[in-house]
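Take this structure first; my questions come after.
Chain naming follows the written order as A, B, C, D, E and F, and within any one chain the residues start at number 1.
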Amino acid sequence: MKNIPPLILEPLVRMALAEDLGRGGDITSDNVIPATARAHVVMASRQEGIIAGLDAAETAFKLVDPLLTVKRLVPEGAEVKAGDEIMEVAGCARSILAAERVALNFVGRLSGIATLTHKMVTAVGNHKAKICSTRKTTPGLRALEKYAVKIGGGMNHRLGLDDAVLIKDNHIAIAGGVTVALRRAKEGIGHMVKIEIEVDTLAQLQEALEEGTDAVMLDNMSLEDMATAVKMTAGRAIVEASGGVTLERIPKIAATGVDMISSGALTHSAPNFDVGLDYKAAA
Amino acid sequence: MKNIPPLILEPLVRMALAEDLGRGGDITSDNVIPATARAHVVMASRQEGIIAGLDAAETAFKLVDPLLTVKRLVPEGAEVKAGDEIMEVAGCARSILAAERVALNFVGRLSGIATLTHKMVTAVGNHKAKICSTRKTTPGLRALEKYAVKIGGGMNHRLGLDDAVLIKDNHIAIAGGVTVALRRAKEGIGHMVKIEIEVDTLAQLQEALEEGTDAVMLDNMSLEDMATAVKMTAGRAIVEASGGVTLERIPKIAATGVDMISSGALTHSAPNFDVGLDYKAAA
Amino acid sequence: MKNIPPLILEPLVRMALAEDLGRGGDITSDNVIPATARAHVVMASRQEGIIAGLDAAETAFKLVDPLLTVKRLVPEGAEVKAGDEIMEVAGCARSILAAERVALNFVGRLSGIATLTHKMVTAVGNHKAKICSTRKTTPGLRALEKYAVKIGGGMNHRLGLDDAVLIKDNHIAIAGGVTVALRRAKEGIGHMVKIEIEVDTLAQLQEALEEGTDAVMLDNMSLEDMATAVKMTAGRAIVEASGGVTLERIPKIAATGVDMISSGALTHSAPNFDVGLDYKAAA
Amino acid sequence: MKNIPPLILEPLVRMALAEDLGRGGDITSDNVIPATARAHVVMASRQEGIIAGLDAAETAFKLVDPLLTVKRLVPEGAEVKAGDEIMEVAGCARSILAAERVALNFVGRLSGIATLTHKMVTAVGNHKAKICSTRKTTPGLRALEKYAVKIGGGMNHRLGLDDAVLIKDNHIAIAGGVTVALRRAKEGIGHMVKIEIEVDTLAQLQEALEEGTDAVMLDNMSLEDMATAVKMTAGRAIVEASGGVTLERIPKIAATGVDMISSGALTHSAPNFDVGLDYKAAA
Amino acid sequence: MKNIPPLILEPLVRMALAEDLGRGGDITSDNVIPATARAHVVMASRQEGIIAGLDAAETAFKLVDPLLTVKRLVPEGAEVKAGDEIMEVAGCARSILAAERVALNFVGRLSGIATLTHKMVTAVGNHKAKICSTRKTTPGLRALEKYAVKIGGGMNHRLGLDDAVLIKDNHIAIAGGVTVALRRAKEGIGHMVKIEIEVDTLAQLQEALEEGTDAVMLDNMSLEDMATAVKMTAGRAIVEASGGVTLERIPKIAATGVDMISSGALTHSAPNFDVGLDYKAAA
Amino acid sequence: MKNIPPLILEPLVRMALAEDLGRGGDITSDNVIPATARAHVVMASRQEGIIAGLDAAETAFKLVDPLLTVKRLVPEGAEVKAGDEIMEVAGCARSILAAERVALNFVGRLSGIATLTHKMVTAVGNHKAKICSTRKTTPGLRALEKYAVKIGGGMNHRLGLDDAVLIKDNHIAIAGGVTVALRRAKEGIGHMVKIEIEVDTLAQLQEALEEGTDAVMLDNMSLEDMATAVKMTAGRAIVEASGGVTLERIPKIAATGVDMISSGALTHSAPNFDVGLDYKAAA
């Protein structure tokens, strides 16, 4: 998705704010800061990378107080460096401080994912391979994390268990082999669903190609086997490399000619992007 | 919290499963594997660390299919090494495969946090300092992530904005100083609420100690200043070190004599713990 | 999907029961029937067709009273005739009567869809065409209605806006033509997403085939044009017929050689299946 | 109800949109149509009948994008013919296309119910009988479907199990007869609740009238028996005809002098009203 | 309603427990009491009155820990005196203490309402008047509070705005008089809905009786006027007395011959019933 | 909390309105009053006391109809007498009447609590004791009721089980004594959590003071023992009096020198504040 529909985003921000406000609201600001105090703050980057999640941050501020004014200083997806100003917020000081942490938590997480994705995409260089995410996402945040991958220049794999078929090692073992698994999948699914199968060996790949499949996932293969697999496939299926994907190894994987390189770390282990809120003046 | 109350845990697991099953369920397993196939699988660690989230994993399997049998092979909080078996699941193969990813996502995330916490706690060595988490948690998962910190041997700071007062730099700036901020907080809050104030300088610390506070947070201070701050405080308040907390720097911070060392990275940047599901046999 | 995961089904049945019980529960049964009265009832078909929704009915009875015993007399998907007994329920009379209408409403709707689907599938005869549903489903019930189509022997198209690309007339008009629309779609989507495009003319079909697409939807074409379209396509894409699909016209459409015949009426206008609850005896 | 309170309507539209947008939003429009493209579309009727559900359609468009402008070209409840324009929508093309199907699904279903109701009401002619709906409604949509019946000129029976007493055959059987059932109901209920009893025979009717009841439901009686029942009742209770109600038979049923004619088909089997969205121009 | 359907009750208890457990659970019990400690406690009355809410209490204990054993020592609706034992709970000590307050809060509130209702019913003596509640209930708890009124021997008025018509002074003023208001109501509503009208004077009563109504509410009338109103009505409508209803005045109001005496205080101002949990022994 | 965050308040008002509107909306107003009628009403106090809940009332009116104009005539927390006008509402008559009861129910309950709190605070006179609430709140409304206590001039104790430690008699019994219970609590909790312990005797108090605690709760002690306890404590802990707190006894309790006086009745038994809506004119 190119943007996060408010209908998907708003309930998540609402949940995060409710989680933080608890049963008593922001007792620090409510007691320490006068109700009439106004503030002007700027969200600023503390590192370099790709910014994602500005919609979430703005939603957080607006849900706490619709009278806050929010101005974006860079567009979603912008490449920033440490010190760059991202968003300006002005209005009731208590409201700004009550929403601050939730706004930053969303931007920190989503920009972290976008930034790591961007690094992996860059590591691919001139090869054709695309970087793509997996279902190893944070419970409840899949739509947002998949979106952040797109902002970082990556692609997405399945969104869930129901929108594409991915036959994995356990499926093959239980079904009784590559051919029977693929055949059953093709018989059972609709015409708008793609099928991919995980193969651990070139023999399995051969079997899959003979039966026919939309895509194959090479699981933890050596670089040599990957290159061979690409040749064997010869365009008959999309070839995805999976397992052991690190920034260092991506150029070599990409050089084998695979179409896709998928990484769980993109969503489950991207370090938080460092971003903060600086007080400028009474608004 | 020492365990996650089912009332808090279950809705989160339900949300994660609904997110993954979508509108069509697990179309791969439903088409590839016979309804009557049974399987016996084992969740195994692929790295060393501390296991957390077994309740979540078990809940995921049971919510998908109450007839699955789940057996824990290590207790929650166990220290494991790569290859250790964690949990055994047996029953309908389709059910196991439909719940697998959600179960692993919870265990991966929570064990990742527990493992990083444990490393930080270990880094403290014989010093008295305790490691504690912040509000920089994943939207929606605060209760679970705070729990994982406890499992890893850490402590928790505020759970949200409403259970303790933490006066930060922006509060001080807007309120007009350390003394007035502390005074207002003490006047306004109930007798069961603690107050902490962030100080950037030893002068601010002095002012806070004179006015009186339950705790002080030393924000990004040098090791020298931290040591001085501990002496100045002389037990009149809990001293918390914050900012620039890395595994490498923890022993030195702890050596200054602070009571608490807090880290946002514990919850926002802990790398996922590597755990997988191995197929053993038809159950 | 081959069955409805309880996680998807239960909230829908719960919503339907809450809607019916309101703020006061079943005041008729509560006042007219003694709390200790027990009953034995049988759900029976009043027409011929295909039964779907037994899981929903059982869930309704069990959610109202876990002590009710429910026994299925035919399997899900069974072909029944008027008078056939489908399900037996015994236990507290008040509980049975409180759940009755909700149970019947689900079975009536889903069996209605399964039955109409089955008729359309039968009308195809020996041709290869498959009957498939659309997104013209009842708000909130898409997963269930898509499931009922499967039970009736049909296939499903997209589950929603996010799991496949379907470029329709308005998209083409706004994008500026078939070629540009298809090209953008192929550039933007992931490798696990299929693309279909609606064509109104054979010229558009030709353009689509040249650009390449997974599937084409022939919108309201004459039988002659459909036949020509099938020949032109020559297996390069799945061919779906859409518009003006009636039981009478299906054999002729199927005879053109199309792969799929899609019908909104399957889900939005299937007449309710007539089913009732007969009192047998005090349980 | 004469209109649908937004508090009841909005969550249902939100649920329908969430169901359609899934985890990825409208991937077709997002990829095929530029973010800046604007469109002007008109919702137009493809058949004759009564329009209901314009609030739902407008809510769908506005929830997806509050900046869309929506103009109604006919009022709710209008009698339209094929080709009549109903509603005009202008603004961001992606937003319009993302909301289109949900808006049409609501209008199609509710107008279908209003149209069938209107036909039945018309079939009554100059007789006094009123057409009324039952609890055979779509799970989750009862309030909306009951509303559509009103728009079509019909009346509503109970909204649920808790707002009126309807003693049916099974209640009578379990309670031990018409008299005892009615007596218990009158003793137990409050003074603002009406009581109706289903009677299969004139003997049961006589028993009910002797005991006293607000209304009687003649279940599947012959036209002759209905006429006799009306005379026997002589205004002492409202007389409702139920069972075997078709458009063809309504004039004859109405001619027997009954007060109400109730039909489950109104809500469970009304064919969808055919309505579409026509692209006019870039807005 | 004679009992609270679990589908209505459980979400309310779940909400109350979630509210109390917050993000951290019962930190007192979790830290102070060993995980293995078992306890045996008894819920005991500290005053005399009518017990209501045992289902809610049992649900609270079971939702926190399904392994707790709960035994009722008196039935719902029992008349108890101070010191009577009500319910026995045994099992994990931490679980019992975590659920205690929520269980007691429900029993305290519902028994308070039942007890006050019982006192008012008793005050009526041998007169025919029934005590009934209003819509002045606690937000979110209407179904439960209406149920408690029934347990105390009272009756219920409307459950909400949609199940009966009650024309009040403001409606009359805006509509333009008693007659026009009643006439419109009768034209608009269905045959299963009752109509009541509030009258402030005997002249209004006369007008209402001439137009015809199911019930009249005498608003804040003197005892003399009430007696006159009863005679004027002469059984043509149910007569309800409202306003200034106190335990002391009920016998006199009842003596005027009214059918119903309604009281908002029943639900909005019933003092909490005093009930506690006594520790007996390690279970 | 000094105000109720909209994120906490709105869902509660929405729940209350949905509960009242049911499945059919306000059928009285919808049938009796023309859609175009406008009204101007004033919410007026019928007694003296402290007003709380104006945000809730305004939210109720606005959620039903965003076009209503609402003007506050007194600020939240105002001290009013019978007859004082509180809030003016103007706009569509149907909308005002549909929201009336919910708006009044919130203001009645919250002002009732604020008024009782104010009376207790006044009863303390010049003593230093503060009045504080407990966890004996209405299920679902804790945040609002705790807020009303603040508006009335009181303080709050724990918001739930997770934000502070309160070791009660049962904890002490099961843990094996005051000292061990306190010690375990101090070891287990974080540095931002306070600890209080309930003591029944001066001996227990002595034990608690020796071990150290933030606060002690004197449970049902005589006035003499309370005075002694205050002296024994000598400022080493906050002293809270609990049990047998009535308006009459508060001055004597306060005179013993305790710091806090807590009362469950504040939230569970405060009589509703009498407030009504007066019709002024067609708006």
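For this structure, a couple of remarks:
Throughout what follows, contacts are C-beta pairs under 8 Å (C-beta built on N, C-alpha and C of every residue); 3 or more make two chains touch, one makes a residue touch a chain.
Remember, predicted model here, so these are calculated numbers, not experimental data.
The chains touching chain B as well as chain F are A, C, D, E.
Repeating the B-F interface with over half of its contact pairs identical by residue number, the matching pair from C-E, A-F or A-C is A-C.
Of all residue numbers seen at the chain A-chain D contact, under half occur in both copies; the interface is built from largely non-matching residues. The interface holding more C-beta pairs in contact, when B-D is weighed against B-C, is B-C.
Ranked by separation of Cα centres from chain D, the top chain is B. If you average the CA atoms of chain A and of chain B, the two centres end up 21 Å from each other.
If each chain is reduced to the centroid of its CA atoms, chain B and chain E end up 44 Å from each other.
Once the centre of each chain is set as its mean CA position, chain C and chain F turn out to be 51 Å apart. For the pair chain D and chain E, the distance between C-alpha centroids works out to 33 Å. Among the residues of chain C, those in touch with two or more other chains are 1-2, 19, 21-25, 27, 30-31, 98, 142, 156, 159-160, 162-164, 166, 188, 193.
The touch graph of the protein chains shown is complete. On chain D, the positions that touch chain A within their shared complex are 14, 17-18, 21-25, 27, 30-31, 35, 63-64, 98.
Interface residues of chain D facing chain F in the complex, by the touch rule stated above, are 1-8, 142-143, 146, 156, 159-160, 163. Interface residues of chain B facing chain A in the complex, by the touch rule stated above, are 12-13, 15-16, 19-33, 37, 39, 41, 93, 97-98, 100-102, 104-106, 108-109, 112, 135-143, 159-171, 173-175, 181, 184-185, 187-189, 193, 264-265, 268-269, 271-272, 277, 279, 282. Chain C makes touch with chain A in their complex at residues 1-2, 130, 132, 155-159, 162-164, 166, 188, 190-194, 196, 214-215, 238, 240, 259-260.
Considering their complex, residues 19, 22-23 of chain C touch chain F.
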